[in-house]
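Here chain A shows up in two complexes: once beside chain B, once beside chain C.
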Partner chain A sequence: MGLGRYITARVAWAAAVAFIIVSLTFLLLALSPNPQVQQAATQAALQGDNPQEAREQARQLRGLDKPIHVRYIDYVVGIFTLNWGWSTMRSQPVTEAILSSLYYTAQYSIPWTILTVTIGPIVGLYSSANKYSWRDHAATGFAFFGFSIPNFFFGIILLLVFGIWLEWVPVIYNTNVAVFSLENARQLILPVFVLVTGSIGGIMRVSRNESSEYMNADFVKTARAKGVSPLRAYALHILRPTMVPLSTTMVGQLLLLFAGSSLLVEVVFSIPGLGRVLFESVIAQDTSLVLGTTLVFVFVGVIGNLLQDITYTVLDPRIGYEDR
Partner chain B sequence: MSGRPLLEVENLRTTFRTDAGELVAVDGVGFTVEKGETVCIVGESGSGKTVATESVTRLVDTPPGTIKGTARLNGRDLLSMSDDELRSVRGNNIAHIFQNPQEAMNHCFSVGWQIVEALQAHQDVPDDEARARAVELLDRVGIANASARFDDYPHEFSGGQKQRVMIAMALVGNPDLLIADEPTTALDVTVQAQILRLLDDLQEEYGMGILLVTHDLGVVAEVADRIVVMYAGKVMERGGVFDIFERPAHPYTQALMRCLPNKGEETDGIPGRLPDPTDLPDGCRFAPRCEHAVGECEIGDQPEMVELTRDHEVSCVYYQQGYDSAVVRDESLEAEGSAGDAGVSDD
Partner chain C sequence: MPTEDRAWMESSDEAPRYIRRRQWLKALGVAGIAGFAGCQGDGDGGTETAADTPTDTPTESGTDTGTDTQDFGETATESTPVNQLPEPSGTYDTVTSAAYTTLNPLYNTEAGAGDAIGFALDGGYTFDDQQEYFPLLYDMSTDNGQVWVFEVREGLEFSDPYGEVTAESFTYQIQELHQTDWAGTADSASWGSGVNVEQTGTYEFQAELPSTNILYPESFDPLLYPVPKDLVQPYVEEQDAEGLRQDEELLELQFTGNLGAFVLDEWNRGSGTTYTRNDDYYIQNIDEGPDLFEGAPYFEGASTSVVQEQSSRLGALETGEADVASIPPTRFQEFDEKESVNVLQIPQPYNEIISVNMRDNGWNAGPGNLFRHIPFRQAMAAAINKQNLIDGVFQGLAAPHYTWQPRWSRFYPEGADLSTFGSGDQYGSDYARGLAEDAFEMSEHDYAFDGDTMVNPDGDQVALTLYHSAGQETERLESEFAAQELNNNLGMNVQVEAIDGTRFDNEYWSNNPVEPGTTATVNGEEYTWNAPSPNNGGPRSATSNQAWDMSMVFGLNTFPRNPLTNQFFFDGPNSFYNPVGYYPEFNAPELFQQAREATSVEEVERAFAEIFVNVAREQPYIMLAFPDGLTGYNPDLVGPIENFSNGWNFPAWRFEEG
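Coming up: the complex of A and B.
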């Protein structure tokens, strides 16, 4: 089986996983009480009407009276045709609500991801090339600090110092500034810094330890004996094999942070992004929106793992893709 | 041969900084390699053979290592030249092959890519031409179906094939000197013979000098022109292959010879062990294990080299004036035929 077929198989598998998750969420949704139906019944009871009748009416209005397999098919078709339902909290289609919040999430997520992915491995490599020097110790200290400190707490402290005491950055997030403007850079610098600090530590450590293993490898000696420059030896002969295990850590870390910490960071920095929409829709019991935002995180996770599997095989030719 | 030798190593001293103090791996070693000849460095594991050869092209990491002395290739001192100059020598004038072909290539890149990398490190060759050269070399070293195997990865080759690829990689610069560090130790016996024969053929074809590190005296007898016997970082004896095999002068060389399966009865090795390289003994390094050692052997420095015959030198007090060298001569070793069949299995 060639690499092309392996990738096709992986993509098909990822689609199957996504489908299973979509089905499971439907099941959870079908089993949970619908707050709007509940509300209609309560209201009817308060007004002296028949709550049972009102409940039926509300169910009918939302198509909940149809048999479960019909609802399932409607739901799945809706998911894949991007008809994700209506958000009562935002009074707009769920897809629209998600797209508009994704716009804000992307503005800080893309920078911190790029920074972490590029700086992390390089600093780790540098650390391992200069093991036990003061720079290595400084990098290790920074890595453990970033790894240990809770992101939301670090965000609050930074906001207090740089937003309130020093007044270098705005405290309130302004949605009206242009994406590529100094203003936007100023209000996003702290969340980006917090997230890079939180994510880069693990990557630096893994990169340092993995590349240490290759620093004295025979093949690096071969490269030097061939007359290859030290920079090339580091960048190709050491970094490349280091990236194999590192790519696993990297995807895991980034996904964890994207799904978990970005929510907290968005709340702290009042960014109306995906994490905060999820948080608010849970509070407001806006089921369709909860489901929609959850699905976005799910798809990001599935795609992340897919990319990881593929990079893994591309980076290390020894990893076979037969019989998988 | 007239003029200066291809490689001339003098007073090479390589030390390492360790927690236990200064570790002296190579201590004042000297030898020469002439154009087109094979010089073998022999000695038991830990005697500093590998460090000595890797010091020549400064492959030893500095720090923690420190390399002193001179190593002149065609008159240019490799140990005092700049890193950039040295880089243009490595892989170009001097090529290395190493002991363990399993680990010597990067598992992330195809073998062809790695040969091309070696070529393009020194010559401005376009990719397609470099590929053609690499295929040609792979073919030369006996990789069947070379152009198809260019894109294969190291793990798709057997140990012997990998060593062949390493040899192909070493040949890209048409080197003057090939340093081969135990190139057959990790291979099985039938493959060993093939690799040695290949090296022998290529030496003739390319006119390279070969500096071969080994502890396998069978290999030495087969390929060496001259031999350097090392022990604990010092040269014990130097000489032509016939001198060393037929008239081993130093007690250590004799002890090595007695370890050959068909020489004498003693095959259970040399009693004792190598001295601690951070705390080396005074006098002759071998004295603590030497059956002939006298008081003189354990004071001062390693005895001066004494020339026995032309090109046969030994570092042992018994060959100095006032001593009777007959004491250390081992008649049983000398009585046994020529070097040609000393310990060499017919393969």
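Coming up: the complex of A and C.
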């Protein structure tokens, strides 16, 4: 199987996974009681009307009286025609809600991902190259600090120091500033810093341990004996095999943080991003928006895993496509 | 700029008919309502609500046409003539803890969104700092309390092409939207079919009520936001509720003309709203109100920002990024000492109570349910020292709560023989134990005191659980204090547990309603539950999914302006709102009937004096305290006052360099 066919197969599998997850989400939501229906019944009762009748009307209005398979088909058709419904929580189409929140999430998550992916492995490698020196201990301490301190708490502390005491950065996130502006950089520096410190710790530690294995490996010794410069030895002979297992950790960890930590950081720094939209839509039981945001996270997840698999094969040519 | 107090149950969705949301608000002081100038959005001050926007206060009501005992706070209305109007400057920036569901005034049910709408669109009226009716878009008058005449102000304009606001703008809205089944607007229940609305002139219409109601404006039922007839007519013809709800002009407030202090520039769904000054604001030309209205508003713009985290909101207040934020009592001292913040203590009507579950799944300490006996509830109230609670938990920033009305209300039964459990002689172990023993005698089961310990018929110590909202520090402290007092003075073992508010509401607080038409005998009388709801599911056998004993999760509103609304809580087994299964043992239905049919405020007062004395005696909820609303403002801001109506004159607010 060539690379092209492999990627095609993986994409098809990713689509199937996405379909299954979205179907499961639909099923779970369909089975949970709808608070809006309950609310309508309560209101009717307050007005002295028949709550049962109101409940039926509410169900009818939302299409909940249709058989579940009909609702499911409507839903799937809507997904493929990009008609993802109306968000009752935000009074706007779901696609618009997702795009507008993604716009803000991307502004901090892109620099965060780039910095994590570049700094994490390099610091790990540096630590490994200077094992048990004060540099190693400092890097390890930094990694453990970032890994251990809760992002939520760390964010509040930084905001207190740099936002309120020193007034170097604004406390309230301003959505009206240009993306590529100093003002935007100022208001995003803390969330990016918090997320980067939270995510490079694990990557750095894995990178350090993995690269330690190769530091004195025969092929590295051979390369050095042949006169390869230390930098080249680290970058091509040690870092490359290190990256194979690391890529798994990295994708998993980044995805986890993307869904979890980004919400907390968005809450602390009042960024109207995707994490908050997903969380709030679940709380408000805004079914259309929950499904829409779930789809986005599923999409990010499967794409991440796809990239991870492809990276595997590029980094380690011994891994064939046939068995996968 | 009135902020209507419609706003509790979020999600204005496609429900076919809508709750009497003002009644909800009024009925539920629960997390999510407060709605008075700048005292929301906190999360630790007792009532957690939606916004920090000090626009206006017309929460509940009370046509307190200026007599006797009421003291709604500082009255700082500027009545002296102004020689030179100030120049508009700066932007008035507010913070809110939750994003808005909708800004469509026909469907809004949230206090925070009500404030955001209020920047760009005035409602019909408000109440001034003397608690007098103050006409904004229309004046209201009546001869007999049953027929109310609305006089619409001339010179009110919608944006092009919708023209002038006339009586028809309101009557069409009422008759074709609120009084129909298909539209399901927020105000549908306020304009039930029993209200006969008729246009009597270009600028005049009248509403005939099914019976007299001298506190009609105070009920906020007649409060309307104008919408252009031509804008809604296509939806009316098609009976298209979804289209009406999703209309962009309504959602983005593009029709507001000269009807608000500001023009909405942008509503960013996740982050808030921004406005610019409306140079043509109609209020500049009205005769009523302070002279300063002539040049209103005095800000170049305004904004609301969604900031969920309380510490960030307080930080924004401190750095000047926000001009107002509510202050938790634990940080009152700190902010009060800051020069960059001006902290006001504003009277508010929400109480701190312990709800005791009198339904069949309450009292999990043994057989029977002692909460059902008045002396036992009295014993609990007597075991908790109110002043110590106020000093220790609220840093002295609260008042004792004896009956269902704050002391500053004109309806508070001043001078009556009111029970004051938890204070003076009516506090203490001996006193509380005496009451508890009375309750034991009333019980069919052998509860008793074994030394200092209250024991059940098996001889085990009475052990109960008290829930409070997770993450609410003040509430946790309050619960722990109450548990300690109940242990010390009554020998009960009370475990304090945190719980998520939504989970508590769904699983513990809401009952599973019985079938409509279910009958049961209560206090010797037979009652029928024709419309059971999750807030009163029926007789005490109608219970929630999960058993529970006591809760501090929800505080409730006491309605000092319009106490008639309290009938929702105390009007017998069929009360609209009775999650705890309380049945009054005094003649509440008759007294409420007297109050409803009263033809003068004095008559209402007399009926309520009796009601409130009985409520203090029966302790349907264990009443503890009325915390002050603590709001921090930019010290350069001129206008906010420590008054229940703080914000009524918002158009005259301005910045002046201190």
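Quick note on the criterion: the second predicted complex is superposed on the first by the 318 of 324 C-alpha atoms of A that agree within 3 Å, B and C clash if a C-alpha of one lies under 4 Å from a C-alpha of the other, contacts with A are read in each partner's own complex, and residues count from 1 in each chain.
Note that a contact is a pair of C-beta atoms (placed from the backbone, for glycine too) under 8 Å apart; a residue touches a chain by one contact, two chains touch by 3 or more.
Note that the structure is predicted; figures quoted are calculated from it, not measured.
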Review point. Put the two structures on top of each other at chain A: do chain B and chain C fit, or clash?
Key: fit
Exercise for review: Examine A:Tyr173 and indicate which partner it touches, taking first as chain B and second as chain C; both and neither are also allowed.
Suggested key: second
Check your understanding: A:Leu315 contacts which: chain B (first), chain C (second), both, neither?
Key -> first
Point to revise | Touching partner for A:Thr222 - first (chain B), second (chain C), both, neither | key: first
Exercise for review: Compare chain B and chain C by how many residues of chain A each one touches, and report the one with more.
Suggested key: C
Review point. When the two structures are overlaid on chain A, which partner does A:Leu159 contact: first (chain B), second (chain C), both, or neither?
Key: second
Check your understanding: Nearest CA pair across chain B and chain C in the overlay: distance in Å?
Key -> 47
Point to revise | chain C-touching residues of chain A, taken from the complex the two chains share | key: 35-36, 38-52, 54, 57-58, 61-62, 86, 88-92, 97, 100-101, 104, 156, 159-160, 163-164, 167, 170-173, 175-176, 267-270, 272-273, 276-277, 280, 283-286
Practice item. Would you mind writing out the residues of chain C in touch with chain A in their complex? Key: 9-20, 23-24, 95, 99, 101-104, 189, 192, 241-242, 245-246, 251, 268-271, 274, 305-309, 311-312, 315-316, 318-319, 321-322, 502, 506, 510, 513, 516, 530-535, 576
**Study point:** chain B contact footprint on chain A (complex, rising order)
**Key:** 216-219, 221-229, 236-237, 240-241, 244, 315-318
Practice item. Provide the residue numbers of chain B that touch chain A in the complex, in ascending order. Key: 57, 59, 61, 87-92, 95-96, 98, 100, 103-110, 117-118, 121-122, 153, 155, 166, 169, 173
